[in-house]
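Each of the next two complexes has chain A plus one other chain: chain B in the first, chain C in the second.
Here is the complex of A and B:
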């Protein structure tokens, strides 16, 4: 019973920690000083959310949040692969930030109805901070979508690259069926993914930004929101760069070379001084 | 990109006070970054951004100088009033005792 809870909350925490770490790599390098401060705040928020989620897991398993965050082997992380991808340029970072935070919003909204009271309360608390993340992501996306041409083109490329893998944020985690049955997660990931695809494709279409859905539409395939997952999955190989790029497998522990470098960096201090506190 | 002047206030009844500037491409981006630059440690509860070019002032600052003969506009111009009042009291006492 608690295994499925641990699986769910660990996966959520891993998304937040790994993406938070990626965001933090912009500190000192963001396009301008004001944005540097703003995006660093968002990175801190995400890592704070991870800490809170890991603390919940730690309470159930008798572990410590630091150990969960920094003391695990690479193969024990369950984040979606999108979160571990190298930052690339600012446009890809923004596209991923927008997709991730809107996906997270749907997930957190569902979790507010979790049968696990502490998790439900934590979802409410996290959502309060996410309001700024959503405003930030929406404002940037709209701004860059308006041009100039190079920015818009880079953003379109970023969205193309991130959209497919963002659907893997809703790849079922281990023991999900049990977690849904227990009410820890009130809606199965597939249902959340359908909502996400509907929302994201509407928003991106309105800005004239590409999605795989839009491409299917152009090709004459009728897009039915409720079956969109199958449509995407069925065409996964053709998506973006193909092969590895559909970004699935993260919830089952598949890791990419990008993750190796991130993990080495992120856990270096902890591995040098196991059990250190700061 | 333009320069935006940032104002914040500490409480509902407090005046907005200037706290710095941000560079941004529009009011929405200015607010977005100003929040994290100037309100990240509960320094206030509300924020304004104003496009610097929308702020108007005198070209010639000497217009703002106040002439030397305007004593009557300053408290210091009335310093002798207390002494005058004391003298008037003395005088009143004198007259009463006569």
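Here is the complex of A and C:
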């Protein structure tokens, strides 16, 4: 019974930790100083959310949150692959930030109704903080989508690259059927994904940004992706770079080469001195 | 120590009023509304703390400071400190005294309960300059040096300042 809870909450924590780590890589390198502060702060929030989620898991399993975060083998992480992808340029980071935080919003909204009271309370708490992330992501997406051509082009490329893999945030968790049955996860991932696709397609379309129309059209009528069209042309190279896979498999433990480097960096201190505290 | 408090529970609350927020030493954990409750049974005191922001790195220090303070209360042998997100801490929990102290510290108290939507774009809620009380201020960044602070600029006295974010 608790196995499905552990699986669900660990995966949620892994998304937050890994993406938080990626965001933190902008510290000192963002395009301007206010964004340096913003991404550093968002990173701290996400890693804090991961810590709270891992603490919940640790309470159930008798483990420690630090060990779960930093003491696992690479193959034990269950984050969606989107979260581990290299930052690329700031436009890709921004597109991923927007897609991830809106996906997370739908997920947290559902989790507020979780039968696990502590998880439900945590979702409520996290959601209040996440409003600032949504504010940030929405503001920048709109500003750049309505700005000069260079920015629009790069943002469109970023969205093209991130949209498909963002759907894999809703790949079913391990033991998901049981988690849904127990009420830990009030809505199955498939339903959350449908909501997300509707929301994201509508929003992106309104800004003239593309969704990953070609790929998901082939998968059938499930995804009604939409696009302004003109910005898609000439993106073949970008798609090939990040798109050798569709970004699925993360929930089953598939990891990419991008993750190897991230894991080495993220866990270096912990592995050097296991169990260190300060 | 001696205390004028009539009950052990009141004595615990009194000591908690001296436990400073490690990142904003001008205010106590009680001013911040972080103490959800104190329960005393015999010589055991249980204190429930609400973390302000989930990712607040000061929480371990706060828990340890609370424990040390309550252990020093005469008549208390055992102290339990637990943290919970239920109910969620919100900035509305900061007391009036806490808001006054924040302002004296140079940190604008939170206004409202979070960012607001204006049209399709969200804006942070406004802040009142802690130095000249002007409302003619502009948000420069909804994020700041800690998870709980946003950056503002005052158009009247021209000072930059930080606000404790409404959440």
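Brief remarks on what is shown
Everything that follows uses one rule, which is that the second predicted complex is superposed on the first by the 245 of 278 C-alpha atoms of A that agree within 3 Å, B and C clash if a C-alpha of one lies under 4 Å from a C-alpha of the other, contacts with A are read in each partner's own complex, and residues count from 1 in each chain.
Simple rule for what comes next: a contact is a pair of C-beta atoms (placed from the backbone, for glycine too) under 8 Å apart; a residue touches a chain by one contact, two chains touch by 3 or more.
Nothing here was measured: the structure is a model prediction, and the numbers come from that model.
Overlaying the two complexes via chain A brings chain B and chain C into a clash. Of the two partner chains placed by the overlay, neither chain B nor chain C lies in contact with A:271. By the document's definition of touching, neither partner reaches A:74: not chain B, not chain C. By the document's definition of touching, of the two partners only chain C reaches A:118; chain B does not.
Considering which of chain B and chain C touches more of chain A, the answer is C. Looking at the shared chain after the overlay, A:34 reaches both chain B and chain C. By the touch criterion defined above, A:139 lies against chain B and chain C together after alignment on the C-alpha atoms of chain A. By the touch criterion stated above, A:128 is placed in contact with chain C alone, chain B being left untouched. Look at A:59: by the touch rule set out above, it reaches neither chain B nor chain C. Between chain C and chain B, the overlap after aligning on chain A sits in one stretch of 2-10, 56-64 or 146-154, namely 146-154. Shared contact residues of chain A with chain B and chain C: 34, 37-38, 41, 132, 135-136, 139.
Interface residues of chain C facing chain A in the complex, by the touch rule stated above, are 53-57, 84-90, 114-115, 120-124, 140-147, 151, 165, 167.
Residues of chain A touching chain B in their complex: 32, 34-35, 37-38, 41, 132, 135-136, 139-140, 143.
Contacts from chain B toward chain A in the complex involve residues 1, 22-26, 28-29, 32-37, 40.
Residue ranges on chain A touching chain C, taken from their complex, read 34, 37-38, 40-42, 44-49, 51-52, 117-118, 121-122, 124-126, 128-129, 131-132, 134-136, 138-139, 142.
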